[in-house]
């Protein structure tokens, strides 16, 4: 199964990359507000039960894919 | 308007990050196939016409947010 | 106090902020009333252990800190020494232990950012960084994660900000498993006229806040993180993690250096722990003035921040500049040129009060100096722990001769002793094209362009020795680091120290602290080297177990002129004589790597260093390094003679024969000794130089061949193939990390 | 002769490049990235560092700096332009050189001396070198992994190799396709290299092998030879 995970830094934590990109876009003449840059992770996971797969991926997230101190994550199966 | 852009490296371009994460997950005992790590960019853009905003963001993508040599991008408005 | 949401309702606010009832009472005393929320917030961060040094201040005065070449001693953001010919150097060391445990990458990265600001606050350009990092053993996944994260964080920040990391230390020991140590040191160089102080100047001076916008980063970090121990509940106390932005810092460095060059500032102060509270009060206190601070002018990243939050925020990459009114526009123009934000946030006033305004109202009125000068100064009780004597008698009964090949290979395979290049090759250590002796040798050396001077720095710590005897251990670190810089031809010049200790509320820990300080002080006095700055990190304990007392000494040395071809570990040639300088016949394995690695044992009492010998040996090393007669030298430290020679062999791809009389002598770690590879034609004159300084010498053997051969008389010999030793040494860390 | 050394916010090797050029007797001047007129200069260097923090993609934001239009104009006119490390990344982002630079194969920053073998000598980085010459130069990058869909089309100036000149995967430090370390445009007047020749100008720093590359650039400045 194909699973997509969005790993996003918590909103209260500063995001220098987003700030810099926002500034660059404004320099190019685009009017933008806040910009955030986060991760989208796509995985192929074996299994046919979506709930099972989701639980497995949640486990991966808390162990490796996301940083529990700084990130939130969201899992989409299929 | 809030716009989400997914910038993804073309499948034919190597993704050392994805490869490394896949290996690390297997080391932790997870059975995973391919892993890819891409970017999700969230922007606040002024405007009330979705098509207009999308065109503007497409412009940002082809100029700055994506590299035409290696990336594809996908825009979701709202 | 409703506006700092740190604690459940039941706990009094001052306690939630890490303040004792007595401290709260003295705040009431100072103000003659109850503090307002913003005021209490300021006192809580400024009086925290981390900012006020309340447990250590009573003792730090013991350090010798005077010498004719000291320009700025302890107390300012960094120590400054005079290099001669109009050049100054600034040096400072700092710990980021607790933040690195919470989030290793960002914790280490922001540690680097902070130490850089301490240096360019003084007017100096940061030119080199060192990192001293300690973790639990690498067979545990958590420790690998922390090690990897910390190294990536130092690399990620240091490389991007554009300051080379040219040395450091890596060590692994069980006691750091729940409490890694991450210390970073920075050296800066400046022309004498660029020196700036952290002063607010005279009434009328304007305070300009430069750099990052202020957010809710690390609110209460100084008090909650660095001044308390980790235990089960600590994850809930985690304040929001601070994220380092090396790009912003790089711009800030260049902008500040331009301000100094153009003499546009009266004083500057970095914003580190305690953020604005500190940056407003300390310079005002130093200058004996008051200050009017307008929080509405502060540029912010998030809306709705309370005054307390604004005052306590530890947002990174910010500096406060104090500017004559007439020059404010020029300062703002410099900021805008370097593309950093700047805001006029305050005015220096006559008097002594720090007045803080927010949304038109005065939210704090306190004597600026009370935040620093009236901070509690504790005289914590201390005493030798009951177990200390037992430790001294707990020597290992060593009856049998070990398998020497096995022993040497095990030492080479120990991550604390093995090749640390896995770490330092991730660091840019060549930027500025000054690195004459790169990491991988005893001390790293940089040249000072435009002069003949070379600056050499070594950083050393040894938790095991200091645990067994904090006074001797502390002294030995000073001698070791001095000998290390002498290996490049430099004379020791100044020391900074980072004192990493457990919980100071325990009398035994306080005793370790006081003893260590005494040891370091005595050694510095013996060498006539001043302590020009340092840092104290207490509460390094987890679940009630303290780390070994782990002082780290950073030694700055100068060679003027710099030798044209300083000795290097990789310059040994086939046929060179292997000479040892310093006393022979060491028999003491207390605290040695051999005992730890081979027997898992830590006990006994390390020898007391001999100050006269230390002085002579350091002088001899510096003379030899400058003589051009000694291509390679290496001090004997952890792992003893055997490991020391093996490291030279591996680096130079040449074998050696070492003659020994007792095998213990191969692994003992007695101080004040070094070995050298000397070509036959120079042996005589080198020995004469040693004799001149009364340093005992012995010929241990020869370099050559492709084995390391340990020979006891003519009958017994153990051969370790160089190739095997090399692979073991080089792969010990990468093998465990992959 | 005078050379513009472009400084983007986040650039950090600019002083090293000036020092190296100065060593070869060439007058070099730091130029802020907002500058739009470089017509008084005979050559341009984009030095190493982390322009704009390397945020988003290395070189991505820098290529839009005002100075880049002028760099493009001069490149088209045949003026010698070289990029080192981050400068290489900016030149590929700007489309002045082909390909892209990705994260290193092992996802680790690499700082150590490596060897490169000069391949083409018709570039402003290699004209003073011998074909096949092996140079020891420090590598110092995280995104040094050169990629191109058809590496046969690339004008390769140098490749990673062993100390004896062997070009193979064992000596490839970062995963670059074909071990490519330095490339040039068709005309050879725009060239870039991932390792740092300006860090290998003096034996006291471990190697003087980089001189021949900086010298190549300096030689190219003479208008008659462009």
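Things worth noting here:
Every chain is named by a letter (A, B, C and D) in the order it is written, and numbering of its residues begins at 1.
Note that contacts are C-beta pairs under 8 Å (C-beta built on N, C-alpha and C of every residue); 3 or more make two chains touch, one makes a residue touch a chain.
The structure presented is a predicted model; accordingly, all values stated were derived computationally and were not measured.
Taking the CA centroid of subunit C as reference, the farthest chain centroid is that of B. Looking at A-D alongside A-C, one finds more C-beta pairs in contact between the chains of A-C.
We define each chain's centre as the mean of its Cα atoms; on that basis subunit C and subunit D are separated by 35 Å. Distance between subunit B and subunit D, defined via averaged C-alpha coordinates, is recorded as 29 Å. The residues of subunit B that reach two or more other chains are 63-65, listed in rising order. The set of subunit D residues that touch two or more partner chains comprises 52-53, 55-56, 61, 64. Of all residues in subunit C, those that touch two or more other chains are 245, 247-248. Those residues of subunit A lying in contact with subunit C across their complex are 10, 12-16, 20, 67, 69-70.
Those residues of subunit C that touch subunit A in the complex are listed here as 102-103, 106, 212, 215-217, 238, 240-243, 245, 247-248, 301-302, 315.
Residue ranges of subunit A in contact with subunit B, taken from their complex: 6, 8, 21, 24-25, 28, 30-46, 56, 59-60, 63-65. Subunit D contributes residues 52-53, 55-56, 61, 64 to its touches with subunit A in the complex.
Residue ranges on subunit A touching subunit D, taken from their complex, read 16-17, 20-21, 24, 27-28, 37.
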